[in-house]
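Please read the structure below before turning to the comments.
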């Protein structure tokens, strides 16, 4: 087997520089790479482009990078939970590229799988398709969307082994698997890093081949954005 | 939940007719839908087009349909283990479309996922790309390949529940997940059909939404094509 | 006139046996509460879950199990989790039978706008553009008019579009409308609402054929 | 001159630490037996397994665990199974570092032919076309000449191509050749084989720079 384990988040983020394009897994605050984000804040990298479905909230997730004005451009599908984001966007400090969610996922997967571009019906006839190549297949119109290119992908899994194999939990899976191998270097942080051989080969969601570095994450807060409950009857 | 269970293979194959296009999972004899194939022989459907990575061997798998001359056309990547196949092909009785294996898989996945076509580098500059649209992306050439269209997909899983959720085992997974939902009707046969709720939601390989009918398979032979072993030292 | 729960209740009648359904944020989320118990249905959320159940009991919330509205949820027996790419394979591949979502505007040609007010509100389209581009059965849940009393059921959308010619039905606080042949067809009136009131509140071309029944909810 | 195992042994030296490797059917399969034990390597088989181990002990064969040659195999700790689409994502996405496969012909421009002899043998390309179209490091394991003594190291392939301009290195029973600038560069001689013999057996343009060392195997 090929060892992917690094000792800590510092080692995991070695080589991250200002101006880079970063992919970050997660949906809302669910399944985000909390350790990597905290380290990006510490590293004070600037002018980064972030590919992430959402932009966190004011005081958590990518909101932490926004606070420090480290982000030059966001590529997301939904950014509605973040006042600082809105302020920076409306003032022109922050560049924003809004992309349909399924297109966002597939642009990651295309990068992972070596597809240069793909045709999707999403966004046809809207401003999302403006300036893009469109094409008809069997009477339906599609938009040609290119694969993403990124320097680093930061993903968060539930369990991982030292060979980089990953298992996600619940809806914390979301974009994380699609971003593995979609950047030059993919860094996985996990809640539980186990020795190789402990994960059953049949239950692995993402094989280690897509991962360059893996580390044991710490102090996961796992904030809940919308705590909704029902009453016991 | 939505119930997908049917009582037997006869019910599962209701509606299959001569002249249809059928997808069949499996790699070699590994993970093939043995029950569905046996029933196709019994039903004596003719002139079918089969999309399957391989064509079985003379006396098992799709070889059984070939013996009865039920197949009009095979779409496969590798057909080298079957004398009757070779005879029918060379004599012109059988139409054969050879497709690179990764292209075959993705043509299934494209049908499953609603992509009309995709660009792949496989086969560029070879006879596989003759007559097909090709295109350059960033200095590399790609071939445009359309999604498959099929009437029925027959897949085989290890475990399944009555909601159609599937878990595959080992390399018997292969094309099976990619064919789920890639045809108008997907029929899954399983070694073990369990009540809904018994499969952990996090371990399901294919959600039931892609499956129309599921049944408990019987008498799996699971023939081995190349029994290779090593000596105990 | 219907309130939000009334709209959800009426839309719940559109859910047929064996349907996989995607519910948008807002009124659509309420629909799950009103589907008849004898109907086999599974709810998909595009963040990666099929077989959603009700909200968890207090103390049983799991940060790793949410819906696309970021609300904590539970799952029912038969549920599954999957990644975003597979989630949109279900949507794009037409494996989801019914999409219910909110809108800011709907036009008589089936166009829908629900993601952006230029210069004011730019939250993003989330999964809505993928949903409306692929779904064959799209029901919009919305108020018939805005807070200033202006119609949101229009000849043409004024806001940036989410999708073109895709809406099949609209259920508002006033009426049930079918969208076909570039017109709105009035199918039902909300309890206590007259055809005249609906006409007045509708800017788009409204076809009224014969007696319009009151909704049964 | 090398036999099949000798070719495999020499190619094993090309496997570097940290490599994911795809082995084709035939001689390439043997390479796994000769990789140095201190090298971290994982073998992928395109039917859906990463981390292949040796053949199983007799009686421990599992019909559900095979390689792309349909041989029963085992897996090593850290192995994983996946579907065909993901398998070729690894290949097409350049996550596999080295592809070793057999060939019927190789040309000086890097073209390879290994899937079809028109009118005679049509077994199909399997995964070979995907592999050669995407891999950046492709080593061909083959005999230098056919049974009639004719060179298979050619100016131009005569058989239908599997891929164009893709082969980086060829290891035969006679020599190690690098393919670059539309020529074959002789890097090493097999034990006991002279440069003259290699020249005679090679139809393609052969570049010979200085003293050619004998392989160390």
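List of remarks:
Each chain gets a letter, A, B, C and D, in the order it is written, and its residues are counted from 1.
The rule is short, and it goes like this: a contact is a pair of C-beta atoms (placed from the backbone, for glycine too) under 8 Å apart; a residue touches a chain by one contact, two chains touch by 3 or more.
Because the structure is a prediction, the values reported are computed rather than measured.
The set of chains in contact with subunit A as well as subunit C comprises B.
Averaging Cα atoms per chain gives one point for each, and the point farthest from that of subunit D is the centre of C.
Centres computed as Cα averages put subunit B at a distance of 36 Å from subunit C. A separation of 28 Å divides the Cα centre of subunit B from that of subunit D. In terms of their C-alpha centroids, the spacing between subunit C and subunit D amounts to 55 Å. The set of subunit A residues that touch two or more partner chains comprises 109, 114-115, 120-121, 168-170, 201-202.
Residues of subunit D in contact with two or more other chains: 49, 81-82, 85, 88, 91-92, 134. Chain pairs that touch one another: A-B, A-C, A-D, B-C, B-D. The touching residues of subunit B, counted against subunit A in their complex, run 114-121, 137-138, 140, 142, 146, 167-170, 201-203. The residues of subunit A lying in touch with subunit D in their complex are 1-3, 109, 111-115, 161-163, 165, 181, 196-197, 201-202, 204, 207-210.
Listing the residues of subunit C that touch subunit B in their complex gives 18-20, 40-42, 44, 49-51, 75-82, 85-86, 88-96, 134. On the side of subunit C, the complex with subunit A involves touching residues 45-49, 54-73, 81-85, 87-88, 91-92, 119, 122-130, 133-134, 160-165.
On the subunit B side of its complex with subunit D, the touching residues are 27-31, 53, 76-81, 86, 89-90, 96, 98, 100-106, 108-109, 120-128, 158, 168-178, 205, 222-232.
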